[in-house]
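The structures considered in this document are given below.
Paired with chain B in one complex and with chain C in the other, chain A is shared by the two complexes that follow.
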Partner chain A sequence: MTTLAEAQTSSVTNTKPTLARRIMRKVWEQRWLYIFTIPGIIFFLLFSYYPMVGIVIAFQDYNPVKGYSGSEFVGLENFKTIFNLPDFTNALRNTVIISGLKLLIGFPATILFALLINEIHQTVFKRVVQTISYLPYFISWVIAAGLWYKMLSPDGGLINEMLTRIGILNEPFYFMGSTQAFLPIVIFTELWKNIGFNAIIYLAALSGIDPHLYEVSSIDGASRIRQIWHIALPGIRGTMVLLFILSASGLMSAGFDQLWTMGNLQVQEVGQILDTLILSYLRNSGGFMGLSLGATMGVFQATVGLILFLVCNFVAKLIKQESLI
Partner chain B sequence: MQRSRGERWFNVVNMLFMLVFAFLCMYPFIYILAISFNDAMDAQKGGIYIWPRMFSMKNYSVIFSDQNIFLAYGVTIGRVVVGVITQVLLVAMFAYVLTKKNFPLRRFLNWWIVIPMFLSGGLIPFYITLQQLHLLNSFWTYIIPGLYGAFNIMLVRTFMSELPEALEESAKMDGASDARIFFSIIFPLSKPVLATIALFVGVSHWNDWFTGFTFISNTKLWTAQNLLLFLIQSNEASNLAVLSKMHQGAVTVTAESIKMAMLIVTTAPILCIYPFLQKYFVKGIMLGSLKG
Partner chain C sequence: MRIRQNVGILLTAALTVGLVGCGGNGNNGGNTSNNASNSANSSSSNSSSNSSNSSNSSNTSSNSNSSNTSSNTSSGEIGTVDNLKITAFNWGWDNADPAKDVVLPELTKRLGMKNLTYDVIKTGGYDDVVQKLQLWASTGGSDWPDIVTTGSDSRTKLILNNLGETGKLEDLTPWLEKYPNVKKAVEKLLPFTSDPHDGKIYSIAQNFSNMQAYAIDQPTIWIRKDWLDKLNLPLPKTVDDLYNDLKAFKEQIKDVNGQPVIPYAAFGENFRNMIKLFFPPDQNDGTGVWYTDADGKPARSDVSQPENLIRALTFYNKLYNEGLIEKEAFTLKQGQIDEKGNQGRYGAVHGAYWEQANPFTDSIKKTDPKAEFVGVQLYDPSIASGPSLPKFRLEAWSLWAVKAGLPKEEVNTFFKTLDYVLSEEGTILTKYGLEGQQWERNAGGKIVDTKAFFDETQGDWNKRAHFGIDVYSFIPNYDALIKNQAPSGYELRQDMIETWQNLGSKFPTEYVTDPQRYVEPGDAENKATVGQSERYKQMVAKAVTAKNPDDIKKLVLDWGKNVKALGYDKIVAEREESAKSIHLENLK
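Take a look at the complex of A and B:
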């Protein structure tokens, strides 16, 4: 309140308020705007910017007792160490394989799904299918993993029951514990969970295509398939490029929630990714060494991710798409 | 319009394909639901696909009489309610300021929230931060590190910046403060977008298992998702340990049947609000994709 009083007296008595007072008065006038944003500024400072300081431990032999400032710097030693760790190189390879496969299969599958849904002209049927298709998107991976564990369980799971009944399998097969079956399961469940929701953006782009194009082409006798190829696909090209680039820049994240909830010891060889490895370093770090090494992996992952993003964004600009930022 | 035979075939095949797809999306839920309402011993024989064979509520009565599960449900509901209210309010206030063109910190604030979308310290430095702030192992671990979401701020900012300025101008003439303008004009007018982010935030709080799993070791503070993950991932032995604690008496439920019922109990609230959920989410993703 004193500031208000000061501000008022200054404006009454002094015809020329000093700069400081003018600023003070301006701040006072907008006090609520400051009050509204200060919690947010502090929030991002504490939970986004301050943790970035913690990146230093990737270059340290971090000791929690000594803290960031007291721990010994070791240069790039940690980076050398992780590249000699079979766990790390294995997880790096799996990360690239899993997210690469998800992109290669998921990307065209989502577009195909959107195109096919778009070809349905019975409105009610279309809406019902669409609404059901995003149902799995809204549940957590814990639940999705639980559902598919049960479906695929060797101990009375539906898939095994079916396969043994029709004679494809002689005895129940432990799908989730098989290194050959695990990757296909990961890709399949990812599609199952997200394809419906991811198709929404394409459907929006498809609905933006001028209906005249369809009319004219059908007068010219174009078949549905030709219409999809020559009208629908070019119509969503911009969206396709944008989304492809966006997912390509996520190559370093293969789906943490999914791999942690569905992964298990038997399939670690193919199912361990960078994110899950870092989490297990955090959880099982008997020594402090684990913290530094885990953070180093995180820094490596984030750096590659950022470079990928910048490169992809640059490419996007080159092909005359809007910048992603 | 005339339709060729090929075209009719295309339609039929396409619709059949969509039917199969929709069935596939729903079926695992139906399967689990049927098993969870079936007698546990009987379910072990298999053959239950869509409907329970020996109807039983036993699995659910065991779950609902277990203190840990009750507690976990309470914690989950608590974090959803507190998390949604705090985030909606704080995000709305922050976004409101970002629409003020004459606010000197506007540019700074825009960058302040955008940079963390691209740079982060990673999991381990984040863990150390929470440790240093004494934010591990408390109910507030669920709330405080999740008070703001940059994406949500942008969504609300976009919406608010499209509100007619005249409303604010006239309130200003009448001498209303920014706070008053916000609470009595902007906030109520932004209800549609705030409802959208309330659902975003609510669902992510309900579905989040990572926070409890990573930052909270006190099992009394676990959420339903954490308990479920524990039940799914723990081996048979520890399952049975949990079970025997839950149910001192004749074994009429199995680890499997308990898991199934727990899966349903954890999914049910999402399914109940699903009609709203999908509508608002679709709206939200559109807003985000147009402006993002």
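Take a look at the complex of A and C:
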């Protein structure tokens, strides 16, 4: 027999807690995790979200003396000015080509490099290769560009000396002044500088694959290539998708540091990208218009980047059920 | 577990506090700025409403100097303060070394002050200076220093005039009336430093050109005279002579290693060239120089005189294709050009009269005692019958600006300082240091370095700056300098004596009186010329390195068409209008 008091208690305990209560309970249970996120949240609020207010400059004829509130609102006029810059189309094309090539060549090259390193079983050799390959990452582009300029110089440069001595060239070639040679140099130096460091993420992913899978497959008679194809690559698929989405969303940034330091007047036709265009054009511009136009270019690049990110994310989700968001 | 948790909490708290601290500082700064800004605004509105007599504003802003004790405050006369802070920029040279500085303590003493602070802000380059000014301006003027010396480019002038028009900078007109010596020193430049909208003077020249004191920067080519002597060739006079000399260098001269030399270094990151020689004098200097044409209209020679530009670029193209010019002409940094120059690999280089070639000569002499670069000025025989001495453009290189709302005693002290530095005594102190220590008089009564001082500094400007020499020259008194200064060791060098002979005259004799040379770019020009100087350089690089010289004509004509399509006519109209307010009567 159930007493009235028991029935009342049972009805209370059976009542589902409200959504708010459930959320609060969950938050309380995971309070330490939430507390740990606070510095990160503050960091992003302060240094990423708060500065976004500055986007308003892109829609103003900004005058620092008058400030945000006093400067004249000009709508999309600054975007019109940017798109009508005589070299905008060329710089946009170069940006897409250079970024695209870096992605097309650099993305698989990094994976290939990581797979190759992963196949090295001699620890000392493996470490030497890894160290040598990621050291250039720590050299700034200013120094790296200087090194390559010196090595490729037609006036006593190491590479020209070598090529002329072994008879490949009759006379020194001015690599850095050649529009044909410039793009391959950009892609090669980008790989030289970043491939080792970028491969670290893939190596970490590869090291997470269960070694038993390799053992079992080798018992089944799988070759090394088969093991890479059927075990290693599927094992790092998630990482590949993640990095591809991130790289693709950066299509509008072709590498300012590299192109600013390696570019020169003779190769601007193929080496001028949106970032270098806006800096070189606006550095010496009169009045305050450089501030507005610089912000406008930033907004344009960020918007395109966001769209690309969302598209890649959607496609990845559609095809492989893998995505970032 | 508990310990780990506590450590976690502490770490999180520390990070959070740190971040909030960062943000908090910014916010507090912002609040302070706003308060200060309000105070500045209110004070400036007081002063601006007080017609032009802003110097009578009795507003005391919250700056540190306002707490200084005033002296000499008898009725009708403005007193002074005994602490003054002046802010300046430095983007690449040495500052005074407080341990060695003899000038600042002496200047402070002679001015009867307790403390004269010269606050120098070091920046990486001049662009950073303008950025800093923009940042200060964007705080509503609250971060703007009380008394500051800035550059004088068009962006800086715009910032100063904007700040002045919004009441954040002092109108210096009444102060110039009170200090006639200062006014006399900067008077000729006032038409170029006063605000074009309200006519007030928010900045005055700090350092400026002077026709009698500064040898003019002629388009000088420095050439290896020892090589010409070796080949029995005279110094070149025309661009065609230069071509023949460079050809002879290429074919007949070898460097110390027996390798062919590089006949001529041009362009480089500073884009040094002789293109202007192919145009009438004062009508071409890249893309920035406008002149008044025969019809009285503003014109720019790269657009209005395509035939001259084609001739210039064709000349350079010939040099490039015949291997007479540095192959890496458009990629070399100045440091790399200097390296090759010091190694004695160049036959001819560009340079202003005060630089480059003499250090090359000194360097090469270590291995080749006969080596000598001398400067020559060339002309293009198809448009001129001889070299012409450029006219003199009066310009301010730097400016003074004073924040509005400062105590009048502080502004008065600043002008008193300028007034003293302008005196012969003040000029000698700030330019040469102390008598007996840094300088003495030679038999002719002129000032020369003492032996001990010369031994220590070797005439090096940076080393002299450690002693405060030429650091506190707040405003130049050229008459005093010309009267007292002995020729420097540099001017007595044999190669310089010969160079001056070749150049014909050291000092210009006429002012530029074409108003277009003094017009500041307006809105239409700023908009239409975005990136134009960069594109001009690209066009020149393409033309000079073109395999087919016929391409040059197309490149130049296309250039002119594109410039016109971007609003050239609008700029002409704007400049015509602006020229009406340029008054050059005092230069004629």
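Some observations on this one:
FYI, the second predicted complex is superposed on the first by the 243 of 325 C-alpha atoms of A that agree within 3 Å, B and C clash if a C-alpha of one lies under 4 Å from a C-alpha of the other, contacts with A are read in each partner's own complex, and residues count from 1 in each chain.
Definition applied: a contact is a pair of C-beta atoms (placed from the backbone, for glycine too) under 8 Å apart; a residue touches a chain by one contact, two chains touch by 3 or more.
Bear in mind the structure is a predicted one, so any value in this text is a computation, not a measurement.
Applying the stated contact rule after C-alpha superposition, one finds that A:Leu277 touches chain C and leaves chain B untouched.
Of the two partner chains placed around the shared chain by superposition, chain B is the only one that A:Pro51 touches, whereas chain C remains out of contact. Which of chain B and chain C touches more residues of chain A is settled by the count: it is B. Of the two partner chains placed by the overlay, chain B and chain C both lie in contact with A:Leu291. When the two structures are aligned on the shared chain, A:Phe43 is found in touch with chain B and with chain C.
After overlaying the two complexes on the shared chain, residue contacts for A:Pro64 are found with chain B and with chain C alike. In the superposed model, A:Trp32 lies in contact with both chain B and chain C.
In the superposed model, A:Thr81 lies in contact with chain C only, and not with chain B.
Applying the stated contact rule after C-alpha superposition, one finds that A:Tyr149 touches each of chain B and chain C. Common to the chain B-facing and chain C-facing surfaces of chain A are residues 32, 35-36, 39, 43, 46, 64, 149, 155, 264, 281-283, 291.
Within the complex formed with chain B, the residues of chain A that make contact are 26, 30-37, 39-41, 43-44, 46-55, 57, 64, 113, 116-117, 119-120, 122, 125, 128-129, 131-136, 138-140, 142-143, 145-151, 155-156, 158, 161, 192, 196-197, 200-201, 204, 218, 223-225, 257, 261, 264, 275, 278-279, 281-283, 291, 294-295, 298-299, 301-302, 306, 309, 325. Within the complex, the chain B residues that touch chain A are 1, 4, 6-7, 10-11, 14-15, 17-19, 21-22, 24-26, 28-29, 31-32, 35, 43-47, 49, 90, 93-94, 96-97, 100, 103-105, 109, 112-116, 118-129, 131, 133, 145, 147-148, 153, 177-179, 182, 203, 206-210, 214, 225, 228-229, 232-233, 256, 259-260, 263, 266-267, 270-271, 274, 277-278, 281-282, 285-286, 289.
Those residues of chain A that touch chain C in the shared complex are 32, 35-36, 38-39, 42-43, 46, 63-67, 81, 85-87, 149, 153-155, 174, 176-177, 264-266, 268-269, 277, 280-289, 291, 293.
Residue ranges on chain C touching chain A, taken from their complex, read 5, 8-9, 12, 15-16, 18-20, 22-23, 26, 127, 134-135, 137-138, 140-141, 154-155, 158-159, 162-163, 166, 168, 262, 327-328, 330-331, 340, 521, 523, 525-527, 529-531, 533-535, 537-538, 540-542, 545, 562, 566.
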